[in-house]
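Just so it is clear, A, B, C and D label the chains in written order, and each chain counts residues from 1 on its own.
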Amino acid sequence: MSIEYFLNSLYLIKPEIVVTTFLVFVVLLDLFSNKRNNLLPFFSILGLLVTGYFVLEQFGLKGLAFVTSDSRAMVSVDSFSAFFKSIVVLSSIYFILMTVYSKEMEETFDRTGEYYTLMFGMVLGMFFMISGSDLILLYLSVELVSLSSYVMAGFAKNSEKSSEASLKYLIYGALSSGLMLFGISLIYGLTASTNLYELNPLLIVSEANSFILMFAMLLIFAGIGYKISAVPFHFWTPDVYEGAPTPVTAYLSVASKAAGFALLIRLIKVSFIAEKDTFGFWIYNPIFNWQDFLVIISVATMTLGNFAALWQKNVKRMLAYSSIAHAGYLLAALAVLSDTGLVAVLVYFAVYLLMNLGAFLIVIFIKNKTGSEELDSYDGIGFSMPFLGVSFTIFLVSLTGLPPTAGFIGKLYLFIALVDAKMFVLAIIALLNSVVSLYYYIRILKHMFLAKPSENSPKEELSAVQFIILFSLVIPVLLFGVYFSPIVELAKNSILLLGF
Amino acid sequence: MQQVPLLSLITFLPIIGMILILFLPKNNEKVIKSLTLAVTGIQVLLGIVIWRFYDYSLGGIYNQASFQFVEKFRWIEISSVSWLGTIKIDYFLGIDGISAPLILLTAVITFIATLASWNIKTSIKGYFALFLLLDTGMMGVFVALDFFLFYIFWEIMLLPMYFLIGIWGGPRKEYAAIKFFIYTLLGSVFILLAMIGLYLSATETLADGSKVFTFNMLQLMNAENYTADGILSPLNPSNLRLWAFLALFVGFAIKIPMFPFHTWLPDAHVEAPTAISVILAGVLLKMGTYGILRINYPMFPEITNQLVWWIALFGMINIIYGALCALAQKDFKKLIAYSSVSHMGFVMLGMASLNTAGVSGAVLQMFNHGTITAMLFIIVGIIYDRAHTRGLDDFGGLANQMPVYTGFVTIAFFAAIGLPGLSGFISETFVFLGAFHVESIRLITVISTLGILLGAGYMLWTLQRIFLGQLNPKWSALEDLTAREYAMLIPLTIIVIALGVYPSLMLDLMNSSVNTMVNFLLKSPETFSGLPF
Amino acid sequence: MMTIGLQHFLIVSGLLFSLGIFGIMTRKNAVMVLMGIELILNSANINFIAFAKYGNFGYHGQMIALFVIILAAAEAAIALAIVLNIYKNFSTVNVDEVNKLKE
Amino acid sequence: MSENQIILFSLFSLFAPLLGFVVTVILGKRFKFMYLFEVAVITLVLLASISVLFVKLGYLPDTKIVSEFAWISLGNLPILGDFNLSLGIMIDNLTVIMLFVVSLISTLVHYYSIAYMKGDPRFNRYFAYLGIFTFSMMGIVLTHNILMMYIFWELVGLSSYLLIGFWYEKKSASDASKKAFIVNRIGDVGMFAGIMMIFVTYHTFTFDTIFENISSGVLPFNSDFWLTITGLLLFCGAIGKSAQFPLHVWLPDAMEGPTPVSALIHAATMVAAGVYLVARIFVLLTGDALFIIAVVGALSALIPATIALTQNDIKKVLAYSTISQLGYMILALGVGSFAYGFFHLITHAFFKAGLFLGSGSVIHSMHHEQDIQKMGALRKKMPITYITFVIFSIAIAGVPLTSGFLSKDGILAGTYAFGLLTGQWIFAIVGFLVAMMTAFYMFRLVILTFHGEARDHHKFEHAHESPLLMTVPLMILATLSVFIFYTANPVDAEGGWFLSKWVKTPTTVVPESARYSFMVSDANIEEIAHSEKIVHSVSYSEALHHAHMPAVFLSLFLAGLGILTAFLFYQWKKLNADKLASSLKPLYNFSYNKWYIDEFYDATFLAFTMALSRFLAWFDQTIVDGIVNGTATITRFFSRFTGGFDTYVVDGLVNLFAYVSGMFGLILRKLQLGKVQAYVVLVIFSLVILVFLFTNLQIG
């Protein structure tokens, strides 16, 4: 294993390196600066932009990093990972902006140093989740992400809710990653390998005990499922989302979910799919029936998410459940196990990033004014804060999946994929679910517009920057609703992950 | 004339108006109102222009060449990754004899409705912004020839409608609004499913000879375009096509509304403000039947031919059932709402006949019902504004108090019960003649004629209860029509009488298209054959 | 005198695993719960090493074990910090009483 | 004067009244004397129609003038073939005679009304309505196709609705108008069905084309039976308009309208439209159809006559006698005596209009008292009214030298002949019976009203002869009730110009198999001596010949008998009506209560419909809304338990789908216990489930 090969590998993980360096810088800056450091946010944004630049560089790139003798690659770099990394970067930037403009975080501003350190840690972890191709590396990165997010969830030290959230997150997360590790160990025992690429042939021709293998796979899925909060591994989600500071919630609901999905997809595609037929349908080997499994999980997830959301009286909690439901839709798209399905997943994620961040952003802005996330405190917001009201309406409509918003495109591709694979039952279940989802989304609208504003309802005063931030999410949501070529092009180009 | 993008203009003008309104300051209501009025007025003018330049000889339906004012250019084009197939969606507008009358209708009704919303008090700005958005949605549905575009316009209407009912409506507005929203959404998801199914089973041949999946309605009407292994291809032995037809049909039937999906209508109408009731009954209901004519019929001709009996049957149920329900109502507005259910039944009956008389009758009935019901709801609104009650038994003897008003009411009512010389008669007669001509649904037609009788029953009874008899002293303060109300009623009255005396004004407009449709439905079943029936 | 074989190790690790889960499910004291988690991790470690040894997979397994041990340490550190914070806010470490967030 | 001018004049007399209506209704509120415009218009119309009458009958008695223009021309259609509807007028002798009658009576009523309606708040409106009525009636008379006839048919219905309910402050009036319209609609639905049959078979509505098609053997569904049905369906229209049994119930109530209106619409013209319709479609009526028509006619002649015997409201008596007379006409047509049916239509129009106007003048002078028991001795007070009234009465009673005698005698002879030809004597019997009753109740009316001594002195004091505007029309109509206008021979109209020159029985087009042998058809037509004789088939004319003498004597005898009994009862009081009534109590009540027919309808059809509608409304609210929507009650009940969620849910989720999903969601929500260890348990548990589930999936 020669040095230039090593350098070549380093060259492939430029973004990760950048992230790490900035992590270090942040620590140092925090060390040598006074308590409240207002430079840090900008600095971190800068760091993320640089990272973003290097991520974009990786589009169209194909490479295996740290390939050891028997072609075990630790990291694989391709446009697929680039896509998800850019999602992570984008959401991190919005995460910072949210933090800066959220009142509830103000008490923590004397600890910004740790905050951004943790964030960079998370980003690093997620990057490796996205492009890692060895179970151990994946496990470690999952843990890295988890550890940082435990702390972040409890970052508002003095708030009971926050710290409770962190405890629950911790116990739950630790358990599931433990299960995952145990699963990995079994796989290791069965195949003598933990490398995704290596597993593939081994699994194809495996005469290994399929029951053990399945058990192991379920355990591993427990680890991933908890990251993407798929039923039945979702229980932490509502509590943590509600308890954690809103920016963190938003971040978890988008970034770590994205990483989780990337990991899941890579796992399935790389280690279980031998080849695909002419229509782009993946031929998965029968040793583990991913399709049925994912269908069951996705149906359970979307249904539970939507129906449990019906009753929520706290907007954040409601959005938590809705994000579970959306995970369900994504899983449904994945369950098709075809390139069309994969495109649908990517498109949906791009859209989901915009609308979900937007929704949380508005929740933050409104809380800044009203100091509450309870549904009842939203009465008449539509009239006292028309701009926020209207934008929220747009995001909610998009989340429901109605034209002319980007959400519709996501749904459209999802259903195209399903119908294309003749999975009509799943399609109809998903459709009915989206009808149910209308109930609770529209409940918010009803409170904002149909209820009469409580007197002394605060006026809406947004700084120019806040407007810009909001617009930067509203405009694309509407734009992609009527002209969606860019997203789809991007998604299509990004599904070529390494191998097959 | 073809150079000017008339259809885009008439469709998106309201959006422009809406944006202008959004930038106007809250307080100057006059400007907002007059702006809206101007926009809708221009729409009417455009409508007239379109009518003026419309070529009666062209058929339309399935042949792009014979559509008019066509605007078509590539809207979405995704062709990067070859093995996934390219996606091409057109921005494709055009009208034929089926949609042209409905465009005129929409223009007129929206204009009238703007006048009707003059007495909106709270948050004018939002109201008219939403109103204009709704307007665009409606126009768009009638001009779109690309299924994807059609669906977007179809969905755009939901939210404005929800708010317009929900914010400016009556006491139980929230209930009515959500009910409307959920129902229509439930319908449209089925449409979406069927749409995707169609998209995935038919291809369009491009200039370069390559084939791509298509949302183009006209291409979807051509049996050759269906790929052999397509989900909904006629060659597909499964009867998925039947299910797709039903999905679409239910989706549209909810809008019509067809029994038993009609229950949202009375609530929505009773709670909605006058102008919105006018729009709802005047235009929105027509979208259901229009959708069936535009999509179900030509895309599933063989199934259509199988199911006409059922369509006719449900038409009959609507007619009789709606009339009987209306007979028992105590609330003026609810009564009118149920009468709409009954009258839309005639449309379905006419469509079921699959011959020119019936279908023309149906389309004409759409137009006439639009104008007449608009009149009726305006009438209800007028009395409600003055008396703040709609109870039929609270009134009596208004004829002396408000003679002119009574005059208009009489015209509207008699138009509604199909008195000759007024527009309602012609369409109903055509529907009956056409439907009776078909062996299989003759009995249904004969039973449906009872609708005429019951119609006379409830309308005249209402007339008597509200206007005849001794004047209830409580109402001795009500004054007769204002100028604005004249402005609303007179144009409609003129239309109603004009079409009653000389229906060719509309019939000629739609005739060739209807014939094309009928011929298409006659011939195409063979080409679409190969189904397990 | 019987020789210790792979299955014995597996049995042990299985027991540890089950015990860990049992602990997590039943212990009321947060610290005990955390120890349950440690048990799970270590059961996995035993697996890795046992497989590596008896399957002649090289030293891959052992390395993994090392990683895991380090990671477990980190996790424990953070966990304890969080538990402390809980104690500060709720003045208890009984996980059952930490249920402000529900439904 | 050429055909074109005839057309021109006819069109003028069609559209002028419409103009009158529009102008009067719009300007009526502004200008007090707007009604004069309408009156002027109608006078011109009268002149026009008179000239048309003379020219047509004088110079072109045997030509049929048709003029039409395209109305809806859809060209050649896929399934239906040619589909071009034209509006048009057809002028033959029937038309011009009707034209004249309508315009004359309408004019007289206009003038009469000026006095009668004096001081009414809606004076102008009233004349406007008269205008639109005249327009629609002219339309019926002139039209050359069945669809247009239907159109005007409905329009006269409208104008009748407006005029009956003219004093809508009275509940009874508005009820009556509603009833009239709806009952008529019932008939019209039948007629419309007939029209649909016609369309399906012939793809046209024009009478002549239809007839040609039939005679060339094209039948509805190629069967005589369906031809019969078609004829009867069309006849339903006549049943409604001409208030034939069983749809006669609206006419008596219609008397709520102003009396001149009753004279114009509900005696002379509109109600006669039904007969006119039957006359128009006479040639396509099969034997069976004619027989049923005759039965309906007979019933409608008999039942109201019996009712009229006991009524005390002067207008009600006249109303029932109208129905009965219309029944006569229908009967006449039914037994194939076309000419006499039509003849009676004309004569009846004059004297019945006269009777109503006379009664109007009485009511006017008695300050709207209509009960004949409260009248009496008016002949001293109002001689002109009296004399004219008597003339009309003897006319309707069928006393020689009157027009009524001629026409009625002809009809009786017709029924008699029908008896001879087919052995069906029932119609003849009914006919003669009714003749006697008519004579009786008419003179009962005359005597109670004008003879004897005043029974209400207060009213009697104020009674006075009506102004000339009202009496002159009476005189005109009285003159027209004399035989001389129709024939030179006072006892037999056969040879008269009216029948021999003007009105000829058309030749039937019904196929051999389905028609009476004696109907006039190309086969057996008989026109002795250059059409100086009325057109009949050979057999029919000799049957008529045999029938004539007995009919004359019998009818004379019966009429005399009827009048005599009337005098015995009410003039000389030789017999006591009350005693008789009380001795025949049940019969008397039965007649007095109009055979309880109204009550029967109310109790059955009306009650049923309303009950059904109420049920359906309830059904719609609860069941349909329930099945599709779920019911508020469930949700409220359910919300009491789950309490916590806001009113939106109660409102917005009122709906079964939502109810279930809500319940489901609630359960799912409950899973979220908030205790982390519970989550752990759940995870492990579900993991185990998954494992088992999956092993099965894999194996199975």
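Note that in this section a residue touches a chain if its C-beta (ideal position, glycine included) is under 8 Å from a C-beta of that chain, and two chains touch if they have at least 3 such contacts.
What you see is a predicted model, and the numbers here were worked out from it, not measured in a lab.
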{"item": "Core chain by centroid distance, with centroids computed from Cα atoms only", "value": "B"}
{"item": "CA centroid of chain A to CA centroid of chain B, Å", "value": "43"}
{"item": "Whole-Å gap between the CA centroids of chain A and chain D", "value": "79"}
{"item": "Euclidean distance of C-alpha centroids - chain A vs chain C, Å", "value": "27"}
{"item": "Computed distance of Cα centres, chain D from chain B, in Å", "value": "38"}
{"item": "Contacts with two or more other chains, residues of chain D listed in rising order", "value": "648, 652, 658, 669, 672, 674, 676-677, 680"}
{"item": "Residues of chain A engaged with two or more neighbouring chains", "value": "167-168, 171, 175, 179, 238-239, 311, 439, 442, 446"}
{"item": "Per-residue multi-chain contacts in chain C, two or more chains", "value": "21, 24, 33, 95, 98-103"}
{"item": "Interchain contacts (touch definition) - all pairs", "value": "A-B, A-C, A-D, B-D, C-D"}
{"item": "Touch list for chain D against partner chain B, complex", "value": "29, 71-75, 77-80, 83, 147, 150-152, 154-155, 158, 161, 165, 168-169, 171, 174-175, 178, 181-182, 185-186, 188-189, 192-193, 196-197, 199-200, 609-610, 612-614, 616-617, 620, 624-625, 627-629, 648, 651-652, 654-655, 658"}
{"item": "Partner chain A, residues of chain B touching it in the complex", "value": "75-78, 80-81, 83-84, 87, 123, 151-152, 155-156, 158-159, 162-163, 166-167, 173-174, 177-178, 181-182, 185-186, 189-190, 192-193, 196-197, 199-200, 231"}
{"item": "List of chain C residues in touch with chain A within their complex", "value": "13, 17, 20-21, 24, 30, 33-34, 37, 40-41, 43-45, 47-48, 50-51, 55, 57, 60-61, 64, 67-68, 71, 74-75, 78-79, 81-83, 85-86, 88-90, 95, 98-103"}
{"item": "Touching residues (chain side chain A, partner chain B) in the complex", "value": "280, 339-340, 343, 383, 393, 397, 402-404, 408, 412, 415-416, 419-420, 422, 427-428, 431-432, 434-435, 438-439, 442, 445-446, 449-450, 482-485, 488-489, 492-493, 495"}
{"item": "Partner chain A, residues of chain D touching it in the complex", "value": "642, 644-646, 648-649, 652-653, 658, 661-662, 664-666, 668-669, 671-672, 674, 676-677, 679-680, 682-683, 686-687, 690-691, 693-695, 697-698"}
